[in-house]
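Labels for the chains are A, B, C and D, by order of writing; each one numbers its residues from 1.
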Amino acid sequence: MTTPILEVKGLCKLFRMKKGWLQQPHYVHALNGIDVSVYEGETLGIVGESGCGKSTLGKCILRLLDPVQGEIRFQGNEIGKMNKNEVRAVRRNMQMVFQNPFETLNPKLTIGHILTEPLIAHCVPREQRQALLEETIEIVGMSKQHLSRYPHEFSGGQRQRIGIARALILRPKLIIADEPVSALDVSIQSQILNLLQDLQEQFSLTYVFISHDLSVVEHIADKVAVMYLGEIIEFAEKEKLFGRPLHPYTQALLSAKPITDPDDTREQIVLSGDLPSPSNPPEGCKFHPRCRSRMEICKVELPKLSEKEGHSVACHLYQSFAAIDSS
Amino acid sequence: MNEVTKTVAHGATQAKSPIFPKLAFWGKIKQQRAAKLSLMVLLLISVIGIIGPWIAPYDPTESNYEAFLQGPSAKHVLGTDAIGRDLFSRILYGTRVTLVVAVMAVGITVAAGTMIGVISAYVGGFIDHLLMRIMDILLALPGIILALAIVAALGPSQTNAMIAIGISSIPSFARLIRAATLVIMSSGYVEASRSIGTPSWWIILFQVLPNITNVLFVYMTLFVGGAILDTAALGFIGLGAQPPTPEWGTMLNEGKDYLSDAWWLATYPGLAITIVVLAVNRLGDALRDIFDPRTQK
Amino acid sequence: MDNVLEVTGLTTRFSKESGTITVVDQLDLHVKRGETLGIVGESGCGKSATSLSLMRLLDNNATLTGSIRFNGKEVLTLSEAEMRSLRGKEMAMIFQEPMHSLNPVLTIGRQISEVLHEHEGDSKAAVKQRVLDLLTVVGISRAEEIYRDYPHRLSGGMRQRVMIAMAIACNPSLLIADEPTTALDVTIQAQILNLIKKIRKDIGMSVIMITHDLGVVAEVCDRVMVMYAGQAIETADVRSLLRNPKHPYTVGLLQSTPRQRAKRLHSIKGSVPTSENKPNGCRFAPRCDRVMTICWERNPVFHPVDQHSSCRCWLFTQDKDHDQESSVVGG
Amino acid sequence: MKQYLLNRMLSGVIVLLGISIFSFALVHFIPGDPVRIMLGEKATKAQVEQLREQMGLNQPLPHQYLTYIEKVIQGDFGTSLQTERPVIVEIMERFPATVKLAFAGIGIAVVIGLTMGIIAAKYKNTLLDFMLMAAASIGLSLPSFWLGLIIIMLFSVQLGWFPIAGGTGWKDLVLPACTLGVLSSAMISRLTRSGMVEVLSHDYIRTARAKGLRESIILFRHALCNVMIPVVTVVGLQIATLLGGAVIIEQVFNWPGIGTLAIRAISARDIPMIQGIVLLMGFVYVVVNMMVDLLYGLIDPRVDLITEKEGR
């Protein structure tokens, strides 16, 4: 087996919540020991509800946020400890597509200017720039004429295409897409998803695809990681995870997802209660207050992610996995 | 099917006011018109400031003991003061004094305030904390008192008044600019730019600055109005431009002793101040409304 | 026929500096007693404007024409005072953003009880007891505590429950829910949808569920109306719509919903026309893959296709010379 | 909540310390020898030396500052150079007059300003709104001293209804208080209007309408509470400013308050007096701000969240 293009090990990120000079600073564990890896040409889907830390994970991988602990290996290089300039160099091969196409394009700059920015930042020779610009804008399904226009002249779908063009123009190896279609309408969403899939084939891209929408992830991802309160609680290939979810949370998530089938006969698991606040998570397994199959041990001990046949899950129900494996 | 009852109803939130007609699309168009009008008034005033000395009928400092405390007449349009100087000429000359002092003062404010604000927001951390605490302390004193204290230290003169007014508005200007910069810094496009690997200088130059120029321009205009008022106030107290300089505040100070005998002395210079400040403020308000993203729908 | 709400030819226009724009165009709809009607469409299709028009909650630059008959009364001719006694009492509404829909400086208890004070005029103690009951009904366990609390201390799901409690306080006969779960997480969405279903059954009210999510429709609605660019383009009962959609737009919408099985998603080309820039003929013509010549020339009428569904499309119109009033609606 | 107040108090103390450094440093800002300037050119060398000794100017700076602070805490603000009376006595004599004027002025301003703002917002974009806001614009552009002069000319000189200037009775109070009130109401009314317009566009106002509430309840219960949050801040700031002496207005009406004292001290370069006034203003500012924060806590239940976000 080849080495993964991106490997994250034991990644932790804390946010400091300070209420005032007099109080002890309070820490929120946004990410707590994340292990995840992606192989070249794959799409890793990361799903979770708001506040589960999925966006933080994306930003840590790009070093837009500095992780507190853990390793991030990209193409074999540890980037968790690189200095600013080295990180900037790495970003040539690792780009990001953002959620909100309305906010992430500077309203004062033309599309051409916005797309040139990465070329200047990474010292692409001047004479190559124009050709790259024109080529890239056409790849994402727009035309050269659009380069001299401003972001407000475009619809949401077109802006997201521009965002993708910006990420693509340096021909990176890895693209982190943070909720790239959740601000878009369904009919536009499918255009963008198709575009992303085409680009992946054409440029053999690797995606880390972050989304709260299970259907979208199910459609686009090869492997899926489910997050809950800063931890990965289940990680497997798409078919396995959606075909036979193991973690009670994943099961609930899948059953809560409304589907367009009037004869839907799935048994619906409706979770009681709210997502606990990340600043004050429960003891033991963080899911236990809402879990319908909780046991005594869940209240005290945090289950570890253990793997069997390429399907990892962090739940006490399946802790015997590891035991069986090792015996 | 075609016989649909045609009834008309309006939204719920309408103000029921038959007496006060609703001005259609007052908001934006009005603002653009106001901006144009006040800009024209200001241009006119600036022109007067420049060519004032040539169109003034009399020397503003030359006293004429045969015509003191004369009311407005054909000879002296706005009357004369206690030592017979022509009020109209003095007001014309004063335009330049007032404008120069106010604009220079705001220049000081903007230069220092923008630097402090942008640095504070961009660098953050300890520097930000330190700078903002200092600004807090200076804000604790009313602007005019701060200006007075500085004038007291430096001694009363027109230049010192200018410096004092400039310095005394730095804290509030810096805070406004800092807030505006922070908004831009936290915007999606700056983050997107950082994610590409763009260097900091590029982000400041092409992402932050173009987006705060509007704000900067609006605040600058609004501060000019305040600076004119402060200049005149210092002059009025006797701590600004010194007599016989024809400064509007100073002229009011001289006029206040003749309230019962020569109403024009205490009226026209004040009117001049009000008109200039009003024009500047209207321009500032209009610019703010035009640039305000919330009104740009 | 027992209809709570009958709307005919509803047209909502906004006057703006650039001119008048029509956001809802000649809309007909009806809601039976105890029924849930779903209104589906993408952003800008006029579904929210429709809901606000029904309650007459639009800003004063909006003009409504047509007819809205609610429980036999013509809503559009009511005076503002009569309208007020209808709102919150007989027709109630919940909104998309539970974060912003509650007043941050008033307690939950106060915000719910003022509905009762306004419409029922009971004694203080009775109102309080009723509010506590309502909070329990919507599944808030610590009712006493929440009664005294402020909105910012509640989670999104809880706030939406409070909004529902407020809406059902006077047992309205119609609840309009404008994207009530869009801002919520999937697991919370399931809770809220279940709650709405349960309450509808318990107090026998009708619901208009406005959403962009066909999954939500499948979950809670009896009938569906699909809107596009300000017009209704298809109505049908849920089963027929999802199993056997007629209008090419509905078909496209269903096919572009991501599913695992499809390797490649169907997508509708182009983007939604803006309200200032609507095509002359059928509004969907520029994006339709079954477009015909007539589609560019005239807007089809809305008419029944079979006993289950009605649709606005030339593909299902036998008599193409049929005279229709809505064909010349330019942008 | 307690946490929030403690924090505000701590920053208040820091501001006070800063002010004390500023007022201490005033002496050293002055170009040239401060003692020479205070005493004038004609003073003898012995006199200069004596004053220098008396003010402790021979000591190293940190030492000077500490002695200064020590004295201030004991209530010793030094002696006025003009009147040779203790600074604290002079200030305390005049403070009541300033307080009277400040509260009368602000009272008028709040009443006029709130009323104008609410009416303008309620009748947004009508002729009435236009007229009220035009009036407010003019109010903001009027030089305070000029308005004062005009008012004196009209009501004292021409009509003779009120005394021209000088006393501290209620009749003397009317004109300066009205001048202050009119000027401050301009800002309050604009703030109230824009706040009101913004609040009225919020989703929770739509919710209130959907509940079928009466327009008056929406306006006064749902909207006004939220509008008061920024208004309280501004009114607080204004009170702080005015308590430090409505410098210009006091001068115009010859009102015997802190403002006239300040101008006199500054003109005469009465450094101990200036220092005392600056300290007093800082103190008043900090105290008023603390009260505003307290009020905030009462109006807005979200204050504990605000600090949390800021601190992040």
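FYI, a residue touches a chain if its C-beta (ideal position, glycine included) is under 8 Å from a C-beta of that chain, and two chains touch if they have at least 3 such contacts.
The model shown is predicted, which means the values in this text are computed figures rather than measured ones.
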Next item on the list: Please state, in steps, how far chain D lies from chain B along the shortest route of touching chains.
Entry: 1
Margin query: I want to compare two interfaces, A-C and A-B. Which one has more contacting C-beta pairs?
Written below: A-C
Checklist line | Interchain centroid distance [CA atoms averaged], chain A/chain C, Å | finding: 33
Margin query: Can you compute the centre-to-centre distance for chain A and chain B, using the mean CA position of each chain? Integer Å is fine.
Written below: 49
Check: In whole angstrom, what separates the CA-based centres of chain C and chain D?
Finding: 52
Checklist line | Touching two or more other chains - residues of chain D | finding: 209
Checklist line | Residue numbers of chain C (touch at least two other chains) | finding: 57
Checklist line | Contacts with 2+ other chains: residues of chain B | finding: 12-13, 15
Checklist line | Residue ranges of chain C touching chain A (in the complex, touch as defined) | finding: 42-43, 155, 157-158, 185-191, 193-194, 212-219, 238-239, 242-243, 252-254, 256-260, 262, 264-269, 271-272, 287
Checklist line | Contact footprint of chain B on chain A as seen in their complex | finding: 62, 64, 87-89, 91-92, 95-96, 98, 100, 102-109, 113, 117-118, 120-122, 163, 166, 170
Note to self: So in the complex, the part of chain C that touches chain D is made up of which residues?
What the structure shows: 55, 57, 84-89, 92-93, 95, 97, 100-106, 114-115, 118-119, 150, 152, 163, 166
Next item on the list: Within their complex, state which residues of chain B touch chain D.
Entry: 12-13, 15, 17, 19-23, 26-27, 133-134, 136-138, 140-142, 144-145, 148-154, 156, 225, 229, 232-233, 236-239, 249, 252, 255-256, 259-260, 263, 266-267, 269-270, 273-274, 277-278, 281-282, 285
Next item on the list: Provide the residue numbers of chain D that touch chain C in the complex, in ascending order.
Entry: 202-204, 206-214, 217, 221-222, 225-226, 299-302, 305
